[in-house]
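Letters A, B, C, D and E mark the chains in the order given here, with residues in each chain numbered from 1 onward.
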């Protein structure tokens, strides 16, 4: 969030941070066990499949958010970019009658383009990511409204059917969307850990000056991260369309905070350079488990808010304590 | 936002950051000149008084937010704490019939208490401020709903009248609330620049390890910052009551983003340790000027969103460029 | 500064033979593990009143870890620290500061965006006179700038203004700030972890002078350094650290620089030294 | 390594007299201002093929600023840099790297949370074989660890594992990582800003050896150091920097250490030296 | 074995929905049913409502009552729930198409707008009206229905219930208030800056109206400006009696909720689903009755208001 020109946060620590996803995982398990004792409907594959589905598009957004936060940035426009992409896909496929494949490609391109625009403003003008993406949020918000004329576009039942398909596993139906999300998490994890540009993303968040001095083009790297994140928001748009069966002009307003929450619960530092994208997956699932478990317990929605607040703090505290132990 | 245990971000820069508020000020002036050419109603004392009034409670919240961001933290619960305080003051004064002064004190105490709770979780359990205050947002949100039973409390016309008074200056009526906000900005600026604890706040955000090693009690300092910020949110509650003439259970939901925006536009780094609270004042005013100016131009609200997004980016870009010049 | 064989620690300020006055600082069997790495492995340490005790050793031997334990910056896993004979357990640098122990850390704990003067006085700002000012903790900027200039003048760094942010200083100038800070405020013990590493010839000698001045005020100094000429110039005794523990305490008045290096690198075993080379 | 008076730069790799082969690097009139501070004030510089050029000077003299300009890390306000005779304008360290210039910066540009191996290979990771791996830029972790061990072995730091994060290393070990990196990858010029400052006696000597090896491969080395014995041990010529500019180039084969220090501190004017002490 | 009934509101904060929830809770307790509640994060949060539907179906709800945030986008999720044998009733606002749910218990928002529009027109008499509107936020169907209904009632030409978007003919200042008091006040202040002659203010709901009144009072104009609103909450009705609001269209969220719960219990007992559109009614509340516009006074309003 600083200007790339001000340089290396050469952080040091005596207590070694533990990058494993063990902490969040423990919190997730504890939450599951707790809810299982509260409702016998909780510990079913069905619930599990549902939580995965519900986490799917925020999860994919959170992948992009993780990449950006690893570079010590932040993206407030993520949900809106998704909304725009979904509107583009919906409009083109349904109203313009474009082939579905082409419409999807156009949606992806729009997502990547807006992401690229974010990256351009951040790298060229050296603006703080917070401001650029906040401004972009407003701009894309207006664009969605103007483009959609504030009307949602329902999917025709035979339009994107392939998306709505489910597959059976142990008698439970899972959505391809959940599968895609899991796959993207895995691929991103591999990318971050086993490719050179992946490692550079960590280094960039860790000490941008070191990256610059080692002859890597910081700006190009950052630009590619924001563009790729935009592409991921396009993929999230697809999952959103699958999930709610239509493009809504009201979508995308809360996903920024939700995705950042998943990232931080997952143990990634908002200061960049430290974290793990699989932690983000667990973070997204933890939020889903709370929501689903509390609903199953039949709690009044106001009290759900109360308890969710407490549980989020406890989940991260569990993580902290488990790190301090190890 | 990291765990205080992981240590010193010993940032260095070759291009010296310029801490003056010159950049934001230029952006503010440019915006004012632009709107003055667009509407002859803009350049009036009346408009100015109104913008000040509208900025008043978000402005006071943004003071607390600046202090917290200077320590490399963040507060998402600020608006909600204000809502709770205003509800407490309203309920006690109107429904319980407590003397107004006592009710206000109780409101301040509640604000400071919740702030202290934030600080406690952050310092004792070493949790990231993002998570603690996000959780606190949900908790206080629920508390406000339960406590207010979702009903707003109107001020009796003779209840907090002293608050609603205006004073005349050059034929324009200014509210005491605006005055209070300006005063608080000035005092905080003096505090940050001319007292030992004020300087420690900067140092803490700059290099927490250096502060720890120099024998300052980091935790106590952080705790006092969060508590003081909570108290400021209590003061903001008073201004809110003055402004809208009653306590609303729906208040406080957007002030976190708004105050962070004012802080960042004002040139304070989200990484802590660098910034100026007077910049925050200018940041808050810039947002008010945009809103007021665009309305005067008679723009449709969708387009207002679009333009606001662009203007926020341009405002910070102006700031950046003016720094690079100097 | 030559001294009789049998009397180690013979410089003006340093007092008497072992036993007569209690040790200022003592550590027994300190252990610190980081995962598999053992930074300290049963390290002992002692410091007599008014002496300059040099600590030398290979990179990674555990010198910084030792002094971090002595200054409260890290808590050892095992072992005991004594101050003036009483056992102490520093839980934070605040505790050590309270005992008057001042430390220059190797990674120079400074706040880069703040000015030199502010860094010098961080945590003990000069306040304006008057009870109101004391209550509000109003700082006296002018006085701080003056005092800072005075403190830094002694070291003769070519620094223009004390209101310059530390991040604009050169590597050596930054080190000068950290050194000046510790020397100015110590009341009991001064610990310096490689204070001359980044310094030029002239500036390094200034710091050595400063160290002697501190000793002459009666305060003992712990000096970690890789610079053998510097060590031999000022040290009363030399603590050799090897693989996480004390290998020997040498007498620089007797032993040669080459032999010292041999002990340090393990080429020479302390047992094989003549007894007078060892400092009691 | 004694040499005839008239032939400066007489070590094996270094070639010929001035003029016969073009200068590898040359700078003329470099100026860099930071607000009121003038870090470089018309600084000149030259580097001959295959020589070790030491750069010495007081703290804050502008040495780091000079080499930052030579390595593209800062852009000078005025002046010109030549590489093999052609004028170059480095706009970033990428440009300098592309020319085969490797630099160890004084503030050790490392990513603290990343492992030693990753830091060593940052920006030029070893990729797995095969076209797919090349396309995806898949890194070969095993090979990188092995290579890292090999590079670091030469310096004999007692580091257990190359997959340790750099932030867990001691000050000297960290410096070792930065030095090993530059030596391993240079193809044209190696620049080292105080590479031995935090090193122990043994490790420091290892680095001096390494510098000689680099020179023997035919690569010229720019060595900034405050350690006069080190400088005199390896340097072919000594560039003395004073108040933002070059004061003189000295011949270490002729001039004494004490005189050198005098020139550096300004006690002795270069004009007053005998001509043979100046290196052409 | 209690029947489980789910209630999904647009938000957690709007008193209208909070009271709806309380009404449903009371009725559920009376009839021995178990009520589950959920809400979107904010108005327009369709994804949150979809999630709530899924979780309630998973939790065994047999009836789901929903105030759809996005009338179109919610349809597929409702279809899935109905396919699982759940009866879905829309409350307050319809889905598009209306047939997507089993039944709709709602007020006609367009009608609510027409009522206050007619009243305002009649009250102004021959005076020239300068109109400001404090709307919900861009593109919200309820906001559009009330706003356009108000204009039609006011006699603005060319507005019909079919107009897809906010019509702004003869409106000098249209601002978003998000139905929030503080934001309503800011919007009103800015409108007054733009045109100090404003004398009719339409507001999306009563909190926004209260905000508008604050702004007018600060400008010393509260006596000269007519404020009309929609909702009929008790606080709003009291404001009508106090002369803050000229007239408001009262709605009956408690009625919607209790009817919905009763239908749910009935479905659980008899297996018979509710169907069709039940208009829960809207009444104009004002203390300044005007000939030709049917209205009720504040006393009636207070007796029938929701909230406290």
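Worth pointing out:
Quick note on the criterion: a residue touches a chain if its C-beta (ideal position, glycine included) is under 8 Å from a C-beta of that chain, and two chains touch if they have at least 3 such contacts.
Which chain is which protein? Per UniProt: A, B = ABC transporter permease; C, D = Sugar ABC transporter ATP-binding protein.
Worth saying up front: this structure is predicted, and the values here are computed from it rather than measured.
Between chain B and chain C, the least number of touching-chain steps is 1. In summary, the pair chain C and chain D forms a contact in which both copies contribute largely the same residue numbers, shared numbers making up over half of all those used.
Ranked by separation of Cα centres from chain B, the top chain is D.
Mean C-alpha positions place chain D and chain E at a centre distance of 74 Å.
Centroids built from CA atoms put chain D at 44 Å from chain A.
A separation of 49 Å divides the Cα centre of chain A from that of chain C. The set of chain E residues touching two or more other chains comprises 12, 42, 138. Within chain D, residues 34, 73, 107, 168 each touch two or more of the remaining chains. In chain A, the residues that reach two or more other chains under the touch definition are 8, 10-14, 16-17, 145, 209, 302, 305. Residues of chain A that touch chain E in their complex: 39, 41, 46-47, 50, 53-54, 57, 145, 148-155, 240, 243-251, 253-254, 291-292, 295-296, 298, 300-302, 304-305. If you check the complex, the residues on chain B that touch chain A are 1-3, 5-15, 17, 72, 74, 121, 125-128, 130-132, 134-139, 141-143, 145-146, 209, 257, 260-261, 264-265, 269-271, 302-303, 305-306, 308-313, 316-317, 320. Listing the residues of chain E that touch chain A in their complex gives 4, 9, 12, 21, 25, 34, 36-39, 41-48, 50-52, 54-56, 58-60, 69-77, 79, 138-140, 144, 164-165. Residues of chain A that touch chain D in their complex: 8, 10-13, 16-17, 194-197, 199-200, 202-203, 206-207, 209-217, 273-274. Taken in their complex, chain C has these residues touching chain B: 73, 92-94, 96-98, 103, 105, 107, 109-114, 118-119, 122-125, 127, 136-139, 141, 165, 167-168.
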